[in-house]
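Below you'll find the structures, each written out as structure tokens.
Below are two complexes that have chain A in common, paired first with chain B and then with chain C.
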Partner chain A sequence: MTTARGEAARPTAPPAPSVEGLDDLLRSMADDEFVIGFSDSEWTGIAPLLEEDIAMSSLAQDELGHAQALYGLLAGVTGAVDADTLAYDREPTDYRHARLLDHGRGDWAMTIARRYLYETADAVRLRALTTGTWLPLAELVGKLVREERYHLMHVGLWLERLASTAGEPRDRLIAALESLGPDAGTVFTPLPGEPALVEAGILERPMAGLEIAWRAEVAPVFDRLALPAPPPTRDPARGRTDHGQAFDWLHGEFTSVRRSDPGATW
Partner chain B sequence: MTSGARRAAKVPPALEAWEVFRQEKDGDPMRHGGSVMAPDAELATHYARELFGRRQESVRLWIVRRADVVDLHDPDLLQPPLDRSFKKPGGYVMRDKLAAARAAAGQAKPKARAR
Partner chain C sequence: MSEAGTQTAIAHARAGLQPPAPLPSVAAVEAALTEVPDPELPVLSVVDLGIVHRVDVDAAGIRVVILPTFVGCPALDVIRSSIADRLATFGLPVRVDTTFEVPWTSDRISPAGRRALASVGIAPPSEPDAVRCPFCTSASVAMDSAFGPTQCRSLYYCRACRQPFEALKAV
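Moving on, here comes the complex of A and B:
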């Protein structure tokens, strides 16, 4: 690789020190973004108002774009053909997204609650990767963070609106948070290759530590809005496996076109 | 509950129109892009961003509540009935007068300047 003049001192990307750990990390992140992106795209055409329809659709597209970039890195690490193969050609049991995202679209309050819990957790996870030693990932994360900033602003605004509007909006939001709460922490399900990732400096600290940071960050918001903060995680060991019937259905949906003509060039 | 009653439950916040102006690149004038419907300035900003900025087509947006725009749409003020063509820069043709003045002074019409 040629280096631009003046950049000779800059350390080059070290080869992936633990391919297996990277595989776990990239797949979990990409699957998270892919599943929430696809799930939220179900609002296209039916969101509460036209402008919000466009906003939510655009946000969902952003997440699919993030998934594509992460699948691209994953393909480089695992030797998979391309991002599409990883996104569409796996069995439902091979996906490693957080169980939080197995809760379907639901009503608007459910979508906002799910997105708020996920976005805040994702922000903490991304921050733990920005200073990583594997440059391809650290650089991508730097870009993702800039887009996720707007996502957080938008969903935070909606959380506030629903929480502070007495009656149905607030009641539905609380019901959604109570239903999602026990699965919210699954974004931080420990990864099989995690110790190696931390040792290699790719991941700043273990997922357990990130979960503590995340809970400390969201607690003041839930407190201020008098909302139920997420309780301890239910069945944390299986937080990214055993997705169940809800995901089987979603998987059937998002692979349906691809399966209609396997191997076609679109 | 103290934080739960900012708005009455069954009265959805009214949507209003916000006009969006966009700048394509630094130094360009702000041009009217269109409008969005939103219940408040915050959501109007988000929606303006989505409709007029999500493809990186703008470097700056101005979002203005349509009700705050001073609207002047009065034919007496803007389209008065009398002939006002003499106020238009194109309404006063100099060509014939210049030609007459040159003829009186015995000068030829200057040639086009070389580049």
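Moving on, here comes the complex of A and C:
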């Protein structure tokens, strides 16, 4: 504890040319965390094991907390009212999460496969932001990576468990990976305002470069477990805009309380 | 009292005003914070937990800056209001802010805090493969799940004394 006074104010306003890029980046990250967090919260009460019920609920709670913090930064950058307005008051077509997260909850293997693909990609993306020049984001990311480490450890163990148990567990995992694979790379869909972020030193390198790094990182794991590695991304240009019916349903779910009593607070 | 302070007191006396109450010292505010328990781990105060980042006191009031243990910690609002309630006794406006300026890490928990955790059967934080049973101190333990009853805890089982227990995550 200190009693520092008169210290230089920390810059919280981003450099002007990068505002549009930050809008794209924060929106995509916050929507990713919000949608995967909300999807996984659907396992609360019905997960296959009691420990998993707790784990999945805890993971979901972490992700929703991350989304809240990212929406908070986004609100500050764009002048939106607050995090809740961004989370709940948009039309389904205005969300910018990756299409990887638009496959519905599915079975347990689908949940593990989706989370493994997402967590590994998110880890690469976060790493590219930790040394960023815009402090509010770099500081938040420094905190996020400490929590995400546990997510990756947990889902990694489940991937191994399903992959190495012949029969239904392995068969279902392979089916899930084949269904999700073509959308896995959508986490790295290039953002319109990305060049300004790289220029300003907020993002270490473009999404395309991060995707290459991610594929190189996961390839040995898929190889060792003899699982189908994610193929090239299907329709990459629309990786964050083309959400489909599964998301329409999810959107109806997560906005239902808000719609039933607009403006209510906790 | 400084010369400026004396002048102010004289000015107040001439104007027939009560002199303002002296400001509490930062140390007095910090001492009061040791009486604010963490809502999820009430054997620890917010000071032992290491979440108090900064305390400022001036004529405008008391400002406490805290570090969330987890980004989405649902106990934050309760912590904010417990701090504000406890510090209200100083008779000044109280503001509690959060920051990620430095990350809270589990090594910010004080030695007294670590002992308090062990006394209620929660292993203090250490790297996942170095956790010891808080009941019998055996290292022959296995992680059941990285996720426990709150965001900051994992579930373990001790093979030596056959007790399940919780450990604080090392973040």
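Quick note on the criterion: the second predicted complex is superposed on the first by the 249 of 266 C-alpha atoms of A that agree within 3 Å, B and C clash if a C-alpha of one lies under 4 Å from a C-alpha of the other, contacts with A are read in each partner's own complex, and residues count from 1 in each chain.
Just so it is clear, a residue touches a chain if its C-beta (ideal position, glycine included) is under 8 Å from a C-beta of that chain, and two chains touch if they have at least 3 such contacts.
The shown structure was predicted, so the numbers you read here are calculated from the model rather than taken from an experiment.
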Query raised in the report: Are chain B and chain C a fit on chain A, or do they clash, once the structures share the same frame?
Result: clash
Requested in this report: Quick one: classify A:G65 as touching chain B (first), chain C (second), both or neither.
Outcome: second
Query - Touching partner for A:A55 - first (chain B), second (chain C), both, neither - result: both
Requested in this report: Tell me which partner A:G142 touches in the superposition: chain B (first), chain C (second), both or neither.
Outcome: second
Query raised in the report: With the two structures laid over each other on chain A, which partner does A:R224 touch: chain B (first), chain C (second), both, or neither?
Result: first
Requested in this report: Name the contact category of A:M153: first (chain B only), second (chain C only), both, or neither.
Outcome: both
Query raised in the report: Residues of chain A touched: more by chain B or chain C?
Result: C
Query raised in the report: Of the partners chain B and chain C, which touch A:R170 in the superposed model: first, second, both, neither?
Result: first
Query raised in the report: Can you tell which stretch of chain B collides with chain C among 2-10, 38-46 or 92-100?
Result: 38-46
Report summary line: Shared chain A footprint, chain B vs chain C, residue numbers 51-52, 54-55, 58, 150, 153-154
Query raised in the report: Can you list the residues on chain B that touch chain A in the complex?
Result: 1-10, 15, 36-38, 42-43, 46-47, 49-51, 54
Report summary line: In the complex, chain A touches chain B at residues 49-52, 54-55, 58, 150, 153-154, 157, 163-170, 224-226
Report task. Note which residues of chain A are touching chain C in the complex, please. Result -> 1-5, 10, 51-52, 54-55, 57-59, 61-66, 68-69, 136, 139-140, 142-144, 146-147, 149-150, 153-154
Requested in this report: Using the touch definition up top, name the residues of chain C that touch chain A in the complex.
Outcome: 26, 30, 52-57, 68, 70-74, 99-105, 128, 144-149, 151, 154-155, 169, 171
